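A, B, C and D are the chain letters, set down in written order, and residue numbers restart from 1 in every chain.
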Amino acid sequence: MERQSKVKSLEEAIQVIKDGATIAMTATHYNSVPMAAVRQIIRQGSKKLTVIPTPSAGLAIDLLIAAGSLEICYVSYVGLEFLGLAPNFRRAVESHSLKIFDVDEPTIIMGFKAAAAGIPFIPLPPYYKLTDFPRVNPLYREITDPFTGKVAYAVPPLRPEVAIIHVQQCDPFGNARQLGGDHTESLIAKAADHVIITTEEIIPVEQIMSDPLRTTIPGILVDSVVKLPYGAHPGACPARYNYDEEHLKRYASLAREEQTGKYIEEFVFAPKDHFEYLEKIGARRLLELKIS
Amino acid sequence: MEVAACGYSTAELMAVVLSRELRDGEFGALGAASQIPMAAVKLAKLTHAPNLSWLCGGSGAINSKLPTLLQSAADYRNLFGAEYRTSMEDVVDMEMRGRVHFACLGGMQIDQYGNSNMVCVGDYHNPTVRGPGTVGLIFTAAFGRVYIYLHHHNPQILVEKVDFISGPGFYDGSRMRDEFVNKNAKGPCMVLTPLAVFDFDEISRKMRLCSVHPGCTVEQVLAKTGFRPLLKEPITQTQAPTEEELALLRTQVDPEGVLRQLIP
Amino acid sequence: MEVAACGYSTAELMAVVLSRELRDGEFGALGAASQIPMAAVKLAKLTHAPNLSWLCGGSGAINSKLPTLLQSAADYRNLFGAEYRTSMEDVVDMEMRGRVHFACLGGMQIDQYGNSNMVCVGDYHNPTVRGPGTVGLIFTAAFGRVYIYLHHHNPQILVEKVDFISGPGFYDGSRMRDEFVNKNAKGPCMVLTPLAVFDFDEISRKMRLCSVHPGCTVEQVLAKTGFRPLLKEPITQTQAPTEEELALLRTQVDPEGVLRQLIP
Amino acid sequence: MERQSKVKSLEEAIQVIKDGATIAMTATHYNSVPMAAVRQIIRQGSKKLTVIPTPSAGLAIDLLIAAGSLEICYVSYVGLEFLGLAPNFRRAVESHSLKIFDVDEPTIIMGFKAAAAGIPFIPLPPYYKLTDFPRVNPLYREITDPFTGKVAYAVPPLRPEVAIIHVQQCDPFGNARQLGGDHTESLIAKAADHVIITTEEIIPVEQIMSDPLRTTIPGILVDSVVKLPYGAHPGACPARYNYDEEHLKRYASLAREEQTGKYIEEFVFAPKDHFEYLEKIGARRLLELKIS
């Protein structure tokens, strides 16, 4: 008997995301955002998703909001970093068309960790008392530390149904190597029920076996592997290519002018798949971004 | 049992019996003193379960390819050809959350409900024997299925009631257990000893003798068990290793013959 | 302030002022849009603090040696020559537990008690401006010292009371804060703007104007501040960069002149 | 100004451990146990220590008990693995001369994680109800999950004052690379207040800088670096040398016969430092254990 490969087409892998699902995906600002997968979520017409973004997110969330895919968003940071506020996020919250849970970096990280560990909840330090989080977000529950009698704040585990993680290298069985910064790639894999890896490159399992300490996500957590070179464009894929600043500025400018629909038409719906998208960006541009 | 008498050793038989139980596509965890289950998973991967993945105890290796059975699962040499090095934190997370489909473990005492004890023999506060401690036995409440394997079969190990519950099996046999364990934790499903194979009755949740190994009798087993197990009708003889199983075991899994020396 | 007028830019002045505050042997954390504090720590390491260590925001780099100031602290290129790649989990752990001696951060609103807000302008449920969110500002209750730096100085940013407390400064000025923050968290100690330098009064815990930058007047600063800060007597002129500071800054820290373009 | 090295002598580094201190040290069975440091703790006459061993410990703990250094021991597993029970531990508990807290692997790991994160306590799953831990250990407190109303068990953070960690490579500033299995080396560094690294080899910081992803413990957490080749003997140092089975068997046999004092006299007090210890073991034996 032969070991089964987990390699799938993007379309097949993303189909697992049903309307109403709770998802998470990698991102620290413009690093390792699985943008090709996000475009496919929009292309397949997903609706009413709940997204638990990593602590510093923006581009993918803003696009999903503009496409009408989101119902609920957890918010630690949703912005465009050096390009300013995320325009569609801002408008959606100001116009009450998106339900949000205001959280923050430790709440998301510790919530993912609680889900990864299967513990009932996670207690956060007393100093949340000095903020407005407990006032606006019912997920923060004031509790008493049974050992000291001091106040603490309980938050529930954050357990996405599906996590999408972009990496540089992965074998056919889901053993992934994530280079560059460690932006919750392995954490959300551990927190989620179903894991989709999108990867710049598929490497043989023998390469993984030659240096198991380099594997950052074990295949046992992974359900699908999708080969997507430049799958993080217009964001950066650490150690592979930089972010496409010109493209990002164009996005930000269209978004500010309430023209995100045009962007989506041109870059999501017009290309029928990721490779048509790459053709549209053009080989010259892609190679300019590449790190040699 | 001598190898000479029947062509295979007790530990080889136990490894083969266990390997047949393991299912393709699952993820299993082994603890210390794991030569038998280690051989079982390696054999299962070669026969019917190529998609089985396994954690080699304290080494953290997932899917070790080391072509020998070391006496310590924690030996870092088990990282040879592995696909991932799990940290202890990862191991706790995966086991606690219930990501592990099956685990193979032992104990100083195992009782008729499959509860296990590694803490003490006798009263906790005045023990006759202080054991090493529980390590990860708590996760018998979180593993999908638990295989208990023992290197010795005697009334000191197989007891009516453990003196300390380190790892909950079916607790007192009542349904109370189900309220507290992880959703998919089905509890102990097999007890494998040098003499026999047991499972657990679905209704009473008590240990039940299923088969005795070639050369053993039901009477011998009952005499060496510290309680009266249920008897599955008919009690069969444990199926001996096939030639193919034995050949794979000896050429690819255990070329150094560790299993032939393991249980005197 | 034009570089031409006085030989250095506002951002260069701010970086130098901040660098003088940093102490040897400490561990500091920077967030996003960090060119000024990044320059400050790099300069401090070259002048008086060779044992200072620092975390370069989202990149996870500790002690990055990248010889340029990128617009994104999260840019993985900051890992160049670093000594460790911190995971986000590590960052949260170290910050929450209080291992970080100082942090440099900004905000959409900062109030007279040094509370910071990145969530909303106006009522939370009907905001005039919805901000991006709080990220790690909560840790102002866990960092040893907090340096607030702003690229703009105006009454919309420096307000009497923030509309949402993302990061607690001295809260309402009462001693209540001390009961809830980490033991060694001394709170905000400096607010650095393109016009002036503030600290906080020990008794009232209100923001206090200490010095105005060369070319600015106290009146200008007060007119652009959304509340009446305390005034430290005497208010001095911010000490300009020395020739040595400026030379190190321009040859080793910011050879591409990012700080000369940063604040118009 | 020059950056200061953290390299110290073993004697100087271990002096920070005062009588009554709470300590932790690396070990998964015979892997990466900082045995040279343990011998120095005994040599300097430490008393009334509390030890929070990693989940699978034995050799170091049994020796410290025999030397009379311990007052309190947390117990997940204290044994000699393939060499059976830890004789001094067993006798000490049976004779009530050692105070113990019976815990287990998840309690220790999650307790260290809680200390690393600075959170007030950690909630464990309801299934502890089915064990005898809450009955015998007051550190387990039954609490109610504020989100579901179900039972959970709170345990406090485990925060050692001093952690001793043996690694293969470390630079003078405490940036350490731990090869082989990941046996809580980095976790206890994060949990502790003071960290002592004992290392087979000191490497230049430039080597660390050339591949920061290989660093497993950041220097910011580290207070002392001690160069100790074969510092884990008679245990193993992964990727450097195997455990000394013959020596371990001799220890186990003496310990069973209540002759550990002889062992301590011969291998701890007679050699005045680690290098005299190594001379006693002998170059031939050390090189036999070495992995080429």
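Just so it is clear, a residue touches a chain if its C-beta (ideal position, glycine included) is under 8 Å from a C-beta of that chain, and two chains touch if they have at least 3 such contacts.
If you're wondering where the values come from, they're calculated on a predicted model, not measured in any experiment.
Q: Any chance you could check whether B-D or C-D wins on number of contacting C-beta pairs?
A: B-D
Q: Nearest whole angstrom, what separates the Cα centre of chain A from the Cα centre of chain C?
A: That gives a centre separation of 29 Å.
Q: Compute the distance, rounded to whole Å, between the mean C-alpha positions of chain C and chain D.
A: 40
Q: Just the number, please: Cα centre separation of chain A and chain D in whole Å.
A: 38
Q: For chain D, write out the residues touching at least two other chains, lowest number first.
A: 110, 113, 117-119, 125-126, 213
Q: If I count partner chains per residue in chain B, which residues reach a count of at least 2?
A: 61, 79, 85-86, 92, 96, 142, 182
Q: Which word fits how the chains touch one another: line, ring, star, complete or other?
A: other
Q: Which chains touch, pair by pair?
A: Those chain pairs which touch are A-B, A-C, A-D, B-D, C-D.
Q: Going by the contact rule at the top, pick out the chain A residues touching chain B in the complex.
A: Against chain B, the touching part of chain A is residues 1-4, 115-119, 171, 173, 175, 190, 205, 208-209, 212-213, 215, 218-221.
Q: For the complex, which residues does chain B have touching chain D?
A: Where chain B meets chain D, its residues are 32-33, 58-61, 71-72, 74-76, 79, 85-89, 91-92, 95-96, 118-119, 124, 127-139, 141-142, 164-168, 171, 177, 179-182.
Q: Could you list, by residue number, the parts of chain A that touch chain C in their complex?
A: By the definition above, chain A touches chain C via 28-31, 54-56, 58, 75-79, 81-82, 85-86, 89-90, 93-94, 102, 104-106, 109-110, 113, 125-133, 136, 151, 180-184, 186-187, 236, 238-239.
Q: Any idea which chain A residues touch chain D in the complex?
A: Result: residues 110, 113, 117-126, 141, 143, 145-148, 150, 152, 154, 156, 179, 213 of chain A touch chain D.
Q: Could you list, by residue number, the parts of chain B that touch chain A in their complex?
A: Where chain B meets chain A, its residues are 24, 27, 48-51, 53, 61-62, 65, 79, 81-86, 90, 92-94, 96-99, 142, 182.
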